[in-house]
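Submitted below is the structure of interest, expressed as structure tokens.
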Amino acid sequence: MADVTRTGVSIEPGLLEKFDRFIAKRGYKNRSEALRDLIRESLITEDIEQNRPVAATLSMIYDHHRHDLSNKLNQIQHHSHENVLAATHVHLDHDNCLEVVILKGRSGDVKQLADHMLSMRGVKHGKLVITSTGRGL
Amino acid sequence: MADVTRTGVSIEPGLLEKFDRFIAKRGYKNRSEALRDLIRESLITEDIEQNRPVAATLSMIYDHHRHDLSNKLNQIQHHSHENVLAATHVHLDHDNCLEVVILKGRSGDVKQLADHMLSMRGVKHGKLVITSTGRGL
Amino acid sequence: MADVTRTGVSIEPGLLEKFDRFIAKRGYKNRSEALRDLIRESLITEDIEQNRPVAATLSMIYDHHRHDLSNKLNQIQHHSHENVLAATHVHLDHDNCLEVVILKGRSGDVKQLADHMLSMRGVKHGKLVITSTGRGL
Amino acid sequence: MADVTRTGVSIEPGLLEKFDRFIAKRGYKNRSEALRDLIRESLITEDIEQNRPVAATLSMIYDHHRHDLSNKLNQIQHHSHENVLAATHVHLDHDNCLEVVILKGRSGDVKQLADHMLSMRGVKHGKLVITSTGRGL
């Protein structure tokens, strides 16, 4: 952060005190960092709504005994290789795996690809998290 | 706001520009107001998790032809009158009503009362929104 | 519900048991009602994304001492009277009001109108809940 | 799924039709799979609220030029090694990385560990997704 501006915010003293206690509990070292995080969070909502380029993480729980499922998930990911950056696989217990797929692309494409995998039989649960590509944040 | 403090925030110029465009689109007149809203929003999440006193709004869609439903909803609300402040009823079309119930109390109690009404047969859809009592915000 | 179909669902016995315990806690009298609610919830998400007609509830906390705010909120609502069905006002304490505005229209219009009111100085917190018009649910 | 029960659901024909169109668009091959997914989703919300064991994925965007940040994130993860299963690192562009950390443990512990990393200076954005360990789903 070689290059920062300093801007002033008017705020009621009671509200500021409550916020300082809140961010200390969350582990923030200073107020500016916490405020920048709130700002970035609000901007990402906008990126998603506007179908802009995003990075995303799809987490899926499935039973690896399910015939051919990991194979099919693999094929889908290869087919959309331009949107799939990486996949990590974790063995949670004897039956269950957690597979985490990192995606990049327009928010609409990323959602569609995630829906495709989540709707497969044997995928017990999954969640897509859309975040930013980091550009301009 | 007779009484305000002025605090400084360090922020990358590019991020600040993006935020200014974003809040202008949302209708904000100035940056401080937008930042205060982000701060208040983060504090309310905390109130809910900690089972503190909150205000809340329960919106329910139901078919008023459904035998005795509005009667039962009414009884439940009277039974919990210490948590129910008001109810507004709107006729959406020939069949469907929207009933909005304003609630106050600990977040846990408010959630339980909402679950009770939402689980009733004939309530097609509903959502509970928890906000603040406004104190200290 | 004069007219219902009966459809079968295949489900692992352990999962069904867990679900039955869960819905009992939520107050559901039977499984069909709980499943219909899950189905309706998923359909409403679709209505919102597709800019279809929706009903919505905007809950706002504000300080009524704030000069002219309730007046301005009133004017905005009159200006958009085709989207505003009703408003309920509750006095939470000496300073704070909760105003709940019931809206109807395309999800995009409803969001914009809500943003306009939420961005006003003096509105401490607010939340928009979008639900269905009830048609076809 | 060697072992399944068949249960009946009563549902209005119009609602069922809408649901069938909805799930076809999402890519589901059959109604049972879609309903099981809705059921699992509702159960996971319960696991999180009750501080039960969960699996989770933390996605963070940060600038790897930021002095020592990846080092500090690494230390935090090692310190909580009993909750950290794996981490994947992706280079989004010249400046920005996406790091995805897979976590396991009680939902409260997992949230606290995520807050700790998200509050660090240089972490631009992040999101925690809590899912299930897959047991009993």
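The chains carry the letters A, B, C and D, assigned in the order they are written, with residues numbered from 1 in each.
The rule is short, and it goes like this: contacts are C-beta pairs under 8 Å (C-beta built on N, C-alpha and C of every residue); 3 or more make two chains touch, one makes a residue touch a chain.
What you see is a predicted model; the values in this text were computed from it and never measured.
Engineer: Suppose you hop from chain A to any chain it touches, then on again the same way; how many hops at least until you reach chain C?
Structural biologist: Shortest path length, in steps: 2.
Engineer: Does A-B or A-D have more contacting C-beta pairs?
Structural biologist: Between A-B and A-D, the larger count of C-beta pairs in contact belongs to A-D.
Engineer: Let me have the rounded angstrom distance from the C-alpha centre of chain A over to the C-alpha centre of chain B, please.
Structural biologist: 26
Engineer: Determine the centre-to-centre distance between chain A and chain D, using the mean Cα coordinates as centres, and give it in whole Å.
Structural biologist: 9
Engineer: Multi-chain contacts only, two chains or more: what residues does chain D have there?
Structural biologist: In chain D, the residues touching two or more other chains are 1, 40, 137.
Engineer: When you draw the chains as points and link the ones that touch, which shape shows up: line, ring, star, complete, or other?
Structural biologist: Graph shape, chains as nodes and touching pairs as edges: a ring.
Engineer: Tell me, which parts of chain A touch chain D in their complex?
Structural biologist: Checking each residue of chain A against chain D gives 1, 23, 26-30, 33-34, 37, 40-41, 44, 55-57, 59, 61-63, 66, 85-86, 88, 90, 92-93, 95-98, 100, 102, 104, 115-116, 118-121, 123-127, 129, 131-135, 137.
Engineer: Which of the residues in chain B end up touching chain A in this complex?
Structural biologist: Touch list, chain B to chain A: 1, 3-16, 18-19, 22, 31-32, 35-36, 38-40, 42-43, 46, 136-137.
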